[in-house]
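First chain A sits with chain B, and in the next complex the same chain sits with chain C.
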Partner chain A sequence: MNILEMHNIHTYMAGFHILEGVNLTAEHGKLTILLGRNGSGKTTTIKTIMGLTPARSGEILFQGRPIQKLHDFEIPWLGISLVPEGRDVFSQLTVEENLLIAVRKGKKVPKQRLDYIVDIFPPMKNLFKKKGRNLSGGEKQMVAVARALVNEDKLLLIDEPTKGLAPIMVESMRLALAEIKKNATIILVEQNFEFAGSIADDFLIMEHGKIVCSGEIGDLINNREMQHMYLGV
Partner chain B sequence: MSINRYLQKYRSALILIIILILLPLFSSEYIKVVAMQIFIFGVFAISYDILLGYTGIASFGHAIFFGTGAYVSALMMLKAGFSFWATIPFVVVSCAGIGLVIGLLTLRFATIYFTIVTLALGQFCYFLLTNALTYQYTGGDDGLHGLPMVLQTKNQMYYLALAFLLAAFFIAKKIISSPLGKTLVAIRENEFRAKMIGYNVLNYRLIALVISGIMAGLAGSFNAAMLRSVFPGFMGASTTIDVILMTILGGMGSLLGPVAGAALVIICQQYLSSYFEWWLLIFGVIFVLVVLFLPQGLISIVYRFRKKNTSGGLN
Partner chain C sequence: MTSQLFVNILLSALSLGVIYFLLSSGFALVFSLLRVSNFSHGSLIMWGAYLGIYLVKALSSFSLGLIISAVMIGIILALVEFFLFRRLYGGNPLFELLLTFGLIYILDEAVKLVWGAAIITVDKPSFLQGTVMIYGEPFAILRLYIFGLGAFVCAGLYFLLNKTKLGLIITAGIENKEMVRALGININRVFTFVCWLGGFLAGIAGFVLAYFNGLSPEMGTNQLLNVLVIVVVGGLGSFMGAAIAAVIMGLAEAFIGFYLPELAVLSSFIVMFIVLSIKPSGLLGEE
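Then we have the complex of A and B:
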């Protein structure tokens, strides 16, 4: 069953035609990786899903419901979370406040959710009182992903979570995502094919604003020619 | 928190409040009047800090609220015979209404366009007050005078103004520490990210403008009650510039900073102008020095001192 479908999506930014008819499906409970070279339209695709760069034409269905006409701030309420590239942790707020501000129902992070987050990211339990501006790159990435977990959202869109991280942090992020995907559907934008290949179920490859190739990750791992042609691996 | 820890934490603030409570006992009438102005403009500056310091909205028409509060109170007291206290709900409603209208018209921009539009609206309101058509109600350039006394003595007025400042400060502090306040800070810091976690940024900016407008309107109303007069200048660009200077000099995003900024600006206005004809030149130099050496405002001196005393170099 597909949790998300994009049909013939066209998106423009500053007059440029960025997404040129994207067709995409993400299956419920799977981790789908969105691959492609720089400038191929990966980030714009997830921004379009979130309504930040609204599609000019086409249809986006989340659990069968069209969402392309909703306001950007309404989309998270459907149960979709975005972890943006660059983390975007609020630097003036503490880690605790960064998590609290993302809570949509109630005034605090539910206890079991907090335990779940600390299970996934054990170092988080020592960070709650630390201000966002005092976190390292790896800690910021943890907080950014943790913030997307406070609401039990059904779909997580994660943009390049390993960018700029030390290898040890990349490994802990891999373990974290492997754990998270047990409870949520994930669309992951990633350039690190080795990392992506180790946790993904399905893949999508973008080129010039279109999905040019898709399938199960095993097919891509075993196809050196395709890796070289589309990803330069 | 135990009483001892509470006293320890807020020791400096309590000492300052005690000094301010005792001040009328050993000061001249003039000093009392200057202090009252500082208290009232302190509230006005706090209101602007909520908008600029915490929400990141630069309005160049904030005096609209200050002037509205002053004129609503003055008109209702003079023309309709209301007591000062009875005018307060009308001040709140009118400033909230104006905040809503201005916000709905302009806040979707929240950029330089918002700043320009608020400047234009401020000037429009100023000319509305000084227009010949409204003269019979507003008194034109002369303003309105002879407002009834709110309290009988200067000392009583002093304590009222002090209580007003303290109440406004604690309410603002509560708002800023609440989830609403944290959301405003988040919006100021990263509007895009705030939207991504599901916040309607326009609504929150509107809430900030309305709260800030009500507070500024009340400051205007108290200023009218203290002076027993209102002038069109209350709504003019110079009043907006004053509050911007107070907020920036004192330190944006700190609540206490704008009160310190109000004290600096009013003391300069009152004392420098008595001794030097070119006092604005001296004030300009002070402003440049503060911006160069204390970019986070006067309040950063307090923070540095506190950090030195509490961290012991470990932090």
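Then we have the complex of A and C:
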């Protein structure tokens, strides 16, 4: 069953035609990886799903419901969370406040979600009182992913979680995502093919604002020619 | 200088700082979140003064006059945000400049139509008249009242911005509006609320100012320059910076006025020159 479908999506930014008819599907309970070279439209695809760069035409279905006409702030309420490329942890707020501001129902982070977050990222328990501006790159990435977990959302959109991280942090992120995907569907934008291949179920490859290739990740891992043609691996 | 005189000047300086804080806090708050330079802030201050004094007489209640007028000035700015500012976000800053200057003309002329252009003196209520002795020197009760009001407003704003979820959203929105929206928060509603709050603060400032300077259609625009200097010295976009700058301005004006009276008029510019020479982004502004 598909949790998300995009049909012939066209998105423009500052007059430029960025997404030129994107068609994609993400299956419920799977981790789908969105691959492609720089500038191919991966981040814009994620932002279009979130309504941050709205589609000019086409249809986006989340659990069968069209969402492309909703306001950006209404989309998370359907059960979709974003971990943006730049992490966007609020620097003036503490880690605790960064999590609190993401809570949609209630006045604090539910204890069972907090325990879940600490289980996935054990170092988080020592960070709660630290301001966002005092975090390292790896810590910011942990907080950005943790912020997307406070609401028990059905779909997580995660944009380049390993960008700029040390190898040890990349490995802990891999373990964290493997744990998270047991309870949520994930669409992951990633340039690190080795990382992608180790955790994904399905793949999508973008080129010039379109999905040019898709399938099970095993097919891509076993096809050197496709890796070379689309990803330069 | 005797210690009594020093204490007296210090208290006057601090109460002046509190008035400057009240005058500039609404402008700073709106600018820090919306990035809109609301040049009609001075005219809203003036409306707060006229409306407040009118309501005090009509309702025979000082407190009700203060609260109702401040709430109404807040509603005016919230409506301006909803119907006008919202159309300009992310656009050419020139339009915002033209809009807020247009508002100055409308608000100033409207006051003249309702209350006339003449200066109106304002009588202090009996409980604000007279002086009390502090450290052997007389000190106006009105100034003490301003202290109390300023402290109350400052504490309220501190609580709102630092201890509530709405405050977290405002702080986060100042930094990254897109991410706030991506968390499912309707930032436009927050903008409207912040404009209401900015207008509310302008209303309080105008009400207080009326008891010092009386009422005149120019009373708000005359203060606009002070407001802009305070916001620049505090650091554009920093609400706390503006609060600190307001107190420094009050201290500078009172002490320069005492030691070098011929330079008193220039005191705010002297402070601005010194602060910006050392830190061009202002006291708490980001580089």
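To be clear about the criterion, the second predicted complex is superposed on the first by the 233 of 233 C-alpha atoms of A that agree within 3 Å, B and C clash if a C-alpha of one lies under 4 Å from a C-alpha of the other, contacts with A are read in each partner's own complex, and residues count from 1 in each chain.
Keep in mind that, in the parts below, contacts are C-beta pairs under 8 Å (C-beta built on N, C-alpha and C of every residue); 3 or more make two chains touch, one makes a residue touch a chain.
Fair warning: this is a prediction, and the values are worked out from it, not measured in the lab.
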* So if we stack both complexes on chain A, do chain B and chain C clash, or do they fit? -> clash
* Identify the partner contact of A:V212: answer first if only chain B is touched, second if only chain C is, both if each is, neither if none is. => neither
* Between chain B (first) and chain C (second), which does A:V118 come into contact with in this model arrangement: first, second, both, or neither? -> neither
* Asked: Which partner does A:D88 reach: the first (chain B), the second (chain C), both, or neither?
  -> both
* To do: For A:L61, decide between first (touching chain B), second (touching chain C), both and neither.
  => neither
* Kindly classify A:K107 by the partners it touches after superposition: chain B alone (first), chain C alone (second), both, or neither? => both
* Considering only touches as defined above, state whether A:L70 meets chain B (first), chain C (second), both or neither. => neither
* Asked: Residue overlap on chain A between the chain B contact set and the chain C contact set?
  -> 50, 52, 71-77, 82, 84, 88, 90-93, 97, 100-102, 104, 107, 147
* Quick one: which bits of chain A touch chain C in the complex? Just the residue numbers, please. => 50, 52, 71-77, 82, 84, 88, 90-93, 97, 100-102, 104, 107, 147
* Can you name the residues of chain C that touch chain A in the complex? -> 165, 168-169, 171-172, 174-176, 178-187
* What residues of chain B sit close enough to touch chain A in their complex? -> 179, 182-183, 185-186, 189-190, 192-193, 195-201
* **Contact footprint of chain B on chain A as seen in their complex** => 50, 52, 71-77, 81-82, 84, 88, 90-93, 97, 100-102, 104, 107, 147
